[in-house]
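The next part holds the structures, each set out as structure tokens.
Next, two complexes with chain A in common: one pairs it with chain B, the other with chain C.
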Partner chain A sequence: MTMNTLETKMVEPALPARPADAWRHLSIGAMSRAAVLVALVIFGQAIAPSFLSLANIHVILLAVAAIGIMAYGMTLVVITGEIDLSIAGAAILSCVVGGLLIPTGSAVLVIGATLLTGLVVGLANGALVAALGIPSLIVTLGTLGIGRALANIVSGGQALYPEGLNAYLWLGRGQFAGVPVPVVLLVILGAAAVALTRYSTFGPALYATGGNVRAAKLSGINVVAVRVTVFAISGVCAALAGMLESARLSYINPAGFEGMELSVLAVTVLGGAALTGGVGSISGTLTASLIIGIVNNLLNQLGVSIYLQQVVTAVVILAVVLPGIRQREIAK
Partner chain B sequence: MSAIQLSSPSASRVIPFLLDLARDPIVWLIALIFVVGAMTSQYYLTTLNLENLMRNVAVIGLLSLGMTVVLLTGRIDLSVAALMIFSIVVGVVVMTEIAPLIGSRWLVRGNTYAGPIVPVILIALTTGAAIGAINGIGVAYFKVASFIMTLVSLTALRGFNYVLTDGHPYYLKAPLYQWIGDSKFAGIPVSFLLFLLVLLVLIGFVNGTVRGGRFYAIGGNEKAALYAGINTRRYVVLAYVISGLCAAIAGIVFTARLKSVDAPLAAGYELTAIAIAVIGGTALSGGIGSPWRTLLGSVAFAAGLNLLAIWGVGTWYQNLAIGIVLIASVGLSKMSRKKSKS
Partner chain C sequence: MGAPLLELKSIRKTFPGVVALADVTFDLKAGEVHALVGENGAGKSTLLSVMNGLTAPDSGEIRIQGQPVVLSGPTVALANRLALVHQELVLCPNLSVAENIFLGREPKARLGRGNRVALNRMAEDLLGEIHVNLDPARKVGELSLNEQQIVEICRALASRPRVLVFDEPTASLNDDQVGHLLGIIRKLKANGLGVIYVSHRLGEVLDISDRVTVLRDGHVVGTREIAGLHEAALVSLMVGREHKPGEAAYKERQYGAVALEVKAISKASVFDDVSLEVRAGEIVGIAGLLGCQREAVARSIFGAASIDRGEIRIRGKAVALRSPREAIRAGIGFMPADRKGEGLVLPMSVGDNLGMAILRRLGRFGLLKRRQKNATANELVRKLAIKVSGLFQLASQLSGGNQQKIVIGKWIARGGDIVIAEDPTRGVDVGAKFEIWCTIQGLADEGKAVLLLTTELQEMMDACDRILVMSRGRVTGHFDRKDFSAEAIAHCFVA
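This part shows the complex of A and B:
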């Protein structure tokens, strides 16, 4: 994880193909995503004059915050060529474990326990994947079920209410300088994740691990540590996002986040991350979650049923993903 | 791996096959479940429970069989559970729309479908095959990652299920449906016989023909398969069509048992199907696995869950057990494979 200068120097030969090659399809994907985003905003403002009002922007960003934060973690995992299906399980288990400490009346304890549980789930995923070599699809599918099951067993299937924990509730409902706290966190964590992937020594190690494990290993990258780290980050992101949602709704639902893993994965892929590893970016993921958020917001304003929204979301994903793939084909 | 699988089976391979079977951990697992079940519960080996077990195996087994064929090619199909409901919903909705055109009314009081069921079944099978083909074409010709393509289908089909049913369940009333869901033939539930039929056809095709062997070739080394002159795209589409058909048949068996179809049914079954295929030894990376072993996987899975249910273990503890068994079984097989290599 903490790489000394010697290791970083050894990293570089592993990445000859990355900057020029990856940049080409990243930029095409990024351009099509940006174009879609701008078109959506113009379209939105055209059909609904209140679309760009501060209130509606807050609505869009609030709806996107949890999924976006989870998608940051997922993006890091997908860049290393792995997948994390456990996020909904991690989120719900973390919130419930934190929720058990509500009677203590200490928001710090509740928040701490929530994040710690997310970290533990992430580390367990990472250890099983990286150290034992079990495919991440299987491991995280298993821990998804285990997390959900434990959450229900521990809570007895009952919802928990974080009443009176003002600091906890503030995370979901409060404002910071006039901006909803989840949105502030979405931005801060996004900036941190961009810094991590672009400007730290961890970034190249991350892309190298996903691009070519053998080359990464041979150039001295500790791929086990990289993988464990990304799963740990994903677990914590899931716990945090779960906590924001629980605080916003002011109840912890052990049956919550149904199917969240697939929505988050969809956003990640829409953002340009390739499931084969080595490709992806935080900015792409953020743009993608904004696209999905705006599409859903517009469909709500048009009075389209939530079920038809699912269909539209699916079509949007294909529409954005397809041109990038065609382009990559041509580039080859 | 694929080279061995490609050669067609012959009579001389029966004995080694049985020897292999006796060494197979999953066979021992199934035996263990049945022995423990028989010892701890007087109900476990009753006819009623075994029939119940067979009906459970039929549904998840059919889904897993289709999944196995797709996994063999090194791809995945997340749309199976949504498709299994969708195909039946389309069948019912199309027929109720057709009814007024021929001056009839098949949707009677209480959202009960009382029209002819055979066309519903045929439309369901066609829908299954068609959606499978769309998935396959997207993956093979448009090069969309299979995970994404089928995730998109999953999302879209789930949405369509709600839109088409308007969120209300349809009740299906037909003698043929009742027969598929409830009846027995020679003491074995009809639904299980249907599953066995599909299984035999798939074993015959995948393990018995040169064409079927190409699934292994593609999953083992796609480039090599392509250079060997195999039209890999066509076989990938075929794999998805098989998976779609299996999903539709699973839908028929599933809804015949419930005598109704409802949009939220079978949520998450796609993950169960993957789990079963993997427990049966199918590799996610492709080229390894077989329909026959998926049968073992589904029996082990259903028998284990059935035993937990008989013990009165709560649903959540059952789910906990599924998760642990899934990770452990793959972990152990991984370790034993490593050991046999070294």
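This part shows the complex of A and C:
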């Protein structure tokens, strides 16, 4: 009898694709990120009444736009179980190569060359990692150095000034419907990345490659293409982010973005991506960049020294990441 | 004799949407072997992880020699001298056999070589105890699955436990090795240890145990003395209905054209001059002992490994399959024996795993047709009776049998007409085994050509139309169903 009732229960019409009580299934990591974000906003408003003013919100978002866009690319790479340490090199080399075309006076050429260079660096990373099987840590550490060195060689170590290129400068300093352009791009690219990871056929291939590359291969997934794609996207994101920063500052600094890869990696990990691959989300990464942006904004407002800021940021990352990792360990 | 070595009282554990253990009471006396059996998802794995301190029960009590304990982790369990031999191998492939056995409890000695020699000697002693001849200095990564299992067993023994839990210890051992293992367990029992023995091989359970506890859907159906218990009675306790052996039995089919033809393929120092053909609607088995290289042949057919010479023809056309992707496009599906390592993406959902081989078909301009994906997954879950709480459930949260069904479902979704199945029932319980065999027979009934590699010869003889035997990389025998005989086939194992 019991068996019968069980069997009838099993032939329910259709199984839910998502749990009915979805919030219960949120990972501890996602919940602690959301909680920390809310707490920071409340705390911020309490200590600085101008915290939630439109101007300050723009300041916060502008400060995280570049790091957030780079982190989208990094998140995709980390989901496949790889790492991209070359982003600062890719960003600076792309900006310098683009900058060489400033004398043409064509913003389109400069922007195009910048993004194309980022793509080339990304494809090179992807090819070396996926086709030749060299660990991405080594490959991208190499391209980081090469990118920085080439940027200095090409530019002769001199900063480049995109004067008169209004379209270029607009990317960093302009507004679109009253919102700073980098912030608009952060949102649009975030939406695109969410679509890519959750609503395209690339998404499952991406998570499968990172979750179990052997199973992915034996299921016919082109893991080489997946890896090359994520590195290419990361390269373009880096170039774009570099360009936004250069445009905002109105000069291309061949020695810029020092240590950027680690900040971006920190945001990615804070966002719940696991360096072992197969786990991570764009929404988590975006939340994480907001957390970092707000922490830095508040510390600035409180006049805390830059060194102490780094300590505080690191503590926040550990505090948010630990519960999620513990949950993952227990789940095993 | 005092209090039992281990007592579990009214253990309850729920996971989101599932009651894994409802009210489980279990005890183990010194000097007894107490078997734990149950179907897929009956709660055995959860109960074991409660015993091992990996899972905290929602309620209930655990007593060790009468003392209530809280097992907050595997190390606490070990400190209470309760050791587990894992079903899944959790070894470090880059370390030696001896280093793996004594991992975390290396003898504190001088640094360097002296230590290693001592370690190797200790490992040799342990291996000797279970009559296994294995070089303790070899790297575990070089060992076969079955040798790794032996290392796993030695590792548990090395902690000199009072309670030893065996979780499917014989899943990848051959009959000889099983015999040795059971011998060891008897010795351990004579020394006053308590042994908890989990196995789907009921013959072994009846052979080695003193008592057996049957779990079904998180409840204890009963605890029985083994004396006087028959296999059929045990099975009906497990599945809750009369078990009809031979129910999975094969029925005669009409064969179609030759779907897969392998002509004299060779790979230097792996296999040599292997030929076989599988017709549509036919199940052909490759039997052989460990090291007969039938797995290598299967992988070469699937394009996952290269061949040096020979030809593979699919539906009469010669093909050069350079990768699994090309093989899949040619209509071949492959179910690997190592479900967790090669069959599934464990951190991914059931729905995503089921759709993994048909991503291209599920896309429109690169966008995922979610409704179709969910519909396909739902249909497979229903067709294969996969027990899940939803398509969102992670593959890692399922029992072995349900995981295997997902691996099969992935290829049913793909719909190719050639299927290679490697050990589809490894570590799977009786009920799920039956369902899996029915599914595989169903594939052949639909006209697919099935190439089957299993470790259990009896199961292979039940399922196949023809059996090839391999030994040391060569085909040494060929049997039609009417000529199947375990003796004759086994004779070819060593030919």
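Just so it is clear, the second predicted complex is superposed on the first by the 306 of 332 C-alpha atoms of A that agree within 3 Å, B and C clash if a C-alpha of one lies under 4 Å from a C-alpha of the other, contacts with A are read in each partner's own complex, and residues count from 1 in each chain.
Assume contacts are C-beta pairs under 8 Å (C-beta built on N, C-alpha and C of every residue); 3 or more make two chains touch, one makes a residue touch a chain.
Quick caveat, the model's predicted, so the values are computed rather than measured.
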| item | value |
| --- | --- |
| Which superposed partner A:153 touches (first chain B, second chain C, both, neither) | first |
| Chain B versus chain C as contact partner of A:110, first or second or both or neither | neither |
| Touched partner set for A:309, first chain B, second chain C, both or neither | first |
| Which superposed partner A:64 touches (first chain B, second chain C, both, neither) | neither |
| Which superposed partner A:221 touches (first chain B, second chain C, both, neither) | second |
| Chain B and chain C contact sites that coincide on chain A, given as residue numbers | none |
| Complex interface listing, chain A residues touching chain B | 83, 85, 128, 132-135, 137-139, 141-146, 148-150, 152-153, 157, 258-259, 262, 265-266, 269, 274-276, 305, 307-311, 313-315, 317-318, 321-322, 325-326, 329 |
| In the complex with chain A, residue positions of chain C that touch it | 16-17, 217, 240-241, 302, 304, 323-325, 328-329, 334, 336, 341-348, 351-352, 355-357, 359-360, 362-363, 366-368, 370, 374-375, 377-378, 381-382, 385, 387-392, 396, 410 |
| Footprint of chain C on chain A - complex, ascending | 2-3, 6, 10-11, 14-19, 24-25, 195, 199-205, 207-208, 211-212, 214-222, 278-279, 331-332 |
| Chain A partner contacts - residues on chain B that touch it in the complex | 78, 138, 142-145, 147-149, 151-156, 158-163, 167, 263, 267, 271, 274-275, 278, 284-285, 314, 316-317, 319-320, 322-324, 326-327, 330-331, 334-335 |
